[in-house]
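To start, the structure itself, in structure tokens.
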Amino acid sequence: MQLGMIGLGRMGANIVRRVVKDGHQCVVYDHNPDAVKALAGEDNITGVSSLAELAEKLAPPRLVWVMVPAGDITTEVITQLATTLAAGDVVIDGGNSYYRDDIRHAQILADKGIRLLDCGTSGGVWGRERGYCLMIGGDADAFAHAEPIFATVAPGVDAAPRTPGRHGEVAQSEKGYLHCGPSGAGHFVKMVHNGIEYGMMASLAEGLNILRNADIGTRIEKGKGDAETAPLANPEFYQYTIDIPEVAEVWRRGSVIGSWLLDLTAIALHQSPELSDFAGRVSDSGEGRWTSIAAIDEGVPAPVLTSALYSRFASRRLDEFADKALSAMRKQFGGHDEKPGE
Amino acid sequence: MQLGMIGLGRMGANIVRRVVKDGHQCVVYDHNPDAVKALAGEDNITGVSSLAELAEKLAPPRLVWVMVPAGDITTEVITQLATTLAAGDVVIDGGNSYYRDDIRHAQILADKGIRLLDCGTSGGVWGRERGYCLMIGGDADAFAHAEPIFATVAPGVDAAPRTPGRHGEVAQSEKGYLHCGPSGAGHFVKMVHNGIEYGMMASLAEGLNILRNADIGTRIEKGKGDAETAPLANPEFYQYTIDIPEVAEVWRRGSVIGSWLLDLTAIALHQSPELSDFAGRVSDSGEGRWTSIAAIDEGVPAPVLTSALYSRFASRRLDEFADKALSAMRKQFGGHDEKPGE
Amino acid sequence: MQLGMIGLGRMGANIVRRVVKDGHQCVVYDHNPDAVKALAGEDNITGVSSLAELAEKLAPPRLVWVMVPAGDITTEVITQLATTLAAGDVVIDGGNSYYRDDIRHAQILADKGIRLLDCGTSGGVWGRERGYCLMIGGDADAFAHAEPIFATVAPGVDAAPRTPGRHGEVAQSEKGYLHCGPSGAGHFVKMVHNGIEYGMMASLAEGLNILRNADIGTRIEKGKGDAETAPLANPEFYQYTIDIPEVAEVWRRGSVIGSWLLDLTAIALHQSPELSDFAGRVSDSGEGRWTSIAAIDEGVPAPVLTSALYSRFASRRLDEFADKALSAMRKQFGGHDEKPGE
Amino acid sequence: MQLGMIGLGRMGANIVRRVVKDGHQCVVYDHNPDAVKALAGEDNITGVSSLAELAEKLAPPRLVWVMVPAGDITTEVITQLATTLAAGDVVIDGGNSYYRDDIRHAQILADKGIRLLDCGTSGGVWGRERGYCLMIGGDADAFAHAEPIFATVAPGVDAAPRTPGRHGEVAQSEKGYLHCGPSGAGHFVKMVHNGIEYGMMASLAEGLNILRNADIGTRIEKGKGDAETAPLANPEFYQYTIDIPEVAEVWRRGSVIGSWLLDLTAIALHQSPELSDFAGRVSDSGEGRWTSIAAIDEGVPAPVLTSALYSRFASRRLDEFADKALSAMRKQFGGHDEKPGE
């Protein structure tokens, strides 16, 4: 099967390599010619230098995967494809688009008879080897047309033991991809996936931080607080120096919190027990925000997911004015001066 | 009436002045002789240089107010008073003691026939003029003995309009003091008061921070995110430069959030619209922690109060290792580097 | 001065009465003729039965206050006014509109030369007597035209003691109204006000709930947990039966959390110490949601305000499926059955 | 090797079976004779009817595993063992004891020369087959004595692929057990493990709830709110009916949130897509509370872990008085009546 790929960043290039390894052919384009060159030499990969050339090299009905950063760039590419491709073609947006943009983008393409599949793609830098978990929205026929590619990109059924209770024919979901519903449904499910990811990451991170400070009783004198600071009432209970990399490792076997994120955390802690390569300014890339907004719109509580999001904001000191306001109030009512840095 | 005062810091000294202004006599002691000197010259105030001298100068049954920083120092003073005072005397602990300590302290004194009243004291540096809100626990007879002093220290009924629906005789609570129950009940109620205070302060602070960033659409380019950062989808909705001191002022009249904390915030913002005297390292002094622990012990949710507490911890960067762990995970699964400071 | 009022619900009618008491004249309209009749008999109030008649009875440049429920109804009225009023007229939207709608509405009117002022109005059912706190956005000239009405509707400078440090001429904000910026700025500030309100309300509510359960040690046996339930480790610390109405009352005088919301809570608790008229299904009316969305869009943490919002959702059992999922997981990994209702 | 086991509930019995399968011999006791009978017939398992008999049947230095519900029962058993066992013996507390109790229990036993190992045991009902993740605190020599049993009970190195970067000899942690530090360290680490578990569970649960309500736009009319309720501004974005069991399944392969908890969730959802066996009253069993208290004592933020805990409390309606207070305040300031059940 032929696949056009637009966008040859880390994710796009890895998907191409996974696709051709399975016997498919790829025509690849990136606005950066060097990215095209880097891939074009490989088996079954043809590089092109424009969208027009990409369209030309693919036999209709064409299948084109767009893997560019979300936001205005995606809109730009979609708009160009609306004039470059032809009725009957299928476009996959595999990036991190907001599902609301999918609905708009699908309409732009639908006006030309082109169908858009929105495809949430999880797996990160490990996906080339492990396969990517794919959550897909859009027209069912378009999905059926593209399914062989999804089956190739996904991890496949062997990636996990079968869920007890499942019998007979292997379902789509068990192969690692799922048609979730109409336009936007794929990115909606992926958005919530990332929201959960934020929550799980924060769960681990907060827990590790509690372990790390289990020695605080050795660092703070008992009863040594003042009117400004809470004394540690019971230093005798915080005398532990925990070997955190080993704890992460032991949890990997048999514990309830076993997870891929824990596996990755164990790698990172083994490399650097102090995580000294990091300053602790945690980025967020959209889906966590959108998940919280969805919860609010729906009127359902998501305190854990939103707390995880806000912690990232706080890690970047975006709460500074709020904190100053708190200190200012304390000064006003209690005459409390701020204490110097701890 | 005679009152002994131990501890002549900001709060202790102001209470003494409020008490003598009402015609009572005070015998005052502080471990720092200068603090004693500073007060001792004034009308109806006698300075002493030891607890023994304090006991001697007071006619039994003595009434002694202890106003020292909470924690081990309070325990020390209580323990000394157990041997210095006599059966029938009454001790008031007006500091920020943990109510659980009160129960222990009360027992130490009870063994000598001395009764302890725990007295949560709210009002800050304004209390000398406004009066202090007093929440008292302990023996009812001891409370009755000390009540004239509480009535003097409290703001009195005129400090607020009568609650609609209340008629007839003015209740204790309407005078600004309340016997809340047995030992510890006073500081328990004060603890919860401070927990609420944390939540209200954070409510104001977070809201002001949202107002302050209402101009973010003028600072960030539309759609200019990347795989690491969420772009601002709708900068057109964040184009406001809000005059925050004026907003705080307008809210003081007729709004639902009118409050003393808002009044203080308005003062602080009028003094410095940027709150530039503060770095935003917010202290916490015990009660906020204890309130959350009480909620957890009781099994009742207190997400707002605890969030307010955790924000203070975060303002002091005590989440650093957690944040590093998040960045480390992102690096592991997505190859994401941390972005430099914003 | 003449004012047209559209919408004679609780708020609209009270504002009209406040305006005429100050010597202005009102022409009033409601889609419900009975509401018009109820007011039309009073001094300086003229009832009309259509928007056209309203326009006719007002001398240009007209000033029309719209006080209808937010959402589609506001859009409908604004759209009608665009054809009923004339260039130079000024419309005030005093309802709870989303500030983003203001921007759209202002454009609809601006196309006809009519100017829209968005006016956040706080004060509830007490506003008629206390005056309303007004936060206004839109064109500065339009604001100047309407200012006498705002001055009348607002509480006025005497509603609160002057902020220490403020001298000389009384500022707009000190009279209880404020021109906050261009279109939408008024409702943006009001939105954040309500966000803060949610946080403050939740702070009080959580604190009262902790007080109420301070007797849990008398209700639960020590150490009587099982593998499914945490036992109460220290029942001796939860033996207090707190008189909650009296606590709310005592906090009204001299405490740090003194506030109008506390005053109202004291009234409610005095009426019914058990609050037995309420089931605890707490509504939310938009601004709390929008405030959290603004925080997320701006990238600033608002854990307290959002927690307060989510608690309201949870009070309406909108977390049911999430809770079932938790019990289902516990059953899967630990064989734990749900415990029957407590 | 010989092991005494006290407590033959689900966990105790499964550990015994796992231990004897590996060639060790067990002497087993439970206060319920039927539980003893159920096991006593099996190979290498000897049943006894008293602690004295248990001690008698084991050769010194004895190794005795206590697997009883935490709290007072553990203290009782430990106290009995202090008189039944002899100097040099080793006791393992494998239950969910609070680490602070371990310190006390260790002292009770140390007074008789007996050593206590506290052993956090994770794995639930699956542990018999998968092995249990073991986190151990206490004396290093005692740990060395018991290590063969821990190695048998733990999952072993093959339970997970080796962490990239680890080379050479297999570490303790890689076999699934870890000596974490002195008395209490094992249960401290287990406590934090469970805290993380709460956070991860809530992350999944909240996410699933957001998916489930992705169809809310089909259930609520646009703009149909009133002064009491927020209307759904954009129903067109909430038109998805998500097949939640299939989503849980697809996430199991290749996604970032792959985890054992997700595997279990997939099982539960496959069994009952509506999770109709559950009412959503979620228990909590101590460690989640203790983790939050540890965070508070240490002064580190744990908003995600504590939010997860509070959600469980709320699922059991323990916030009822708080919710009533909110409705009461809304009634007071806005005249809002509660809306009937949704």
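Residue numbering begins at 1 within each chain, and the chains themselves are lettered A, B, C and D in the order written.
Following the convention adopted for this analysis, contacts are C-beta pairs under 8 Å (C-beta built on N, C-alpha and C of every residue); 3 or more make two chains touch, one makes a residue touch a chain.
Each chain and its UniProt protein: A, B, C, D = 6-phosphogluconate dehydrogenase (Decarboxylating).
Keep in mind the model is a prediction, meaning the values are calculated, not measured.
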Longest centre-to-centre distance from chain C, chain (CA-based): D
Identified repeat of the C-D interface (over half of residue pairs identical), from A-D, A-B or B-C: A-B
Centre-of-Cα separation between chain D and chain A, whole angstrom: 28
Mean-CA-position distance for chain D and chain B (Å): 37
Residues of chain D engaged with two or more neighbouring chains: 124, 202, 204, 206, 209, 213, 230, 233, 256, 260-261, 267, 284, 289, 297-303, 307, 310-311, 314, 316, 318-319, 322, 333
Contact footprint of chain B on chain C as seen in their complex: 99-100, 103, 122-124, 127, 130-135, 154-157, 159-160, 163-166, 171-178, 180-182, 184-185, 188-189, 192-200, 202-204, 206-207, 209-211, 213-214, 216, 230, 232-234, 236-243, 246-247, 249-263, 266-267, 270-271, 291, 294-295, 297-305, 307-308, 310-311
Complex contact set, residues of chain D against chain B: 256, 284, 289, 292-293, 296-303, 306-307, 309-311, 313-314, 316, 318-319, 322, 333
Partner chain B, residues of chain A touching it in the complex: 9-10, 69-73, 96, 98, 124-126, 201-202, 204-206, 208-209, 212-213, 222-223, 225-231, 233, 260-261, 264-265, 267-269, 272, 275, 277-286, 288-289, 303, 307, 311-312, 314-316, 318-336, 338-339, 341-342
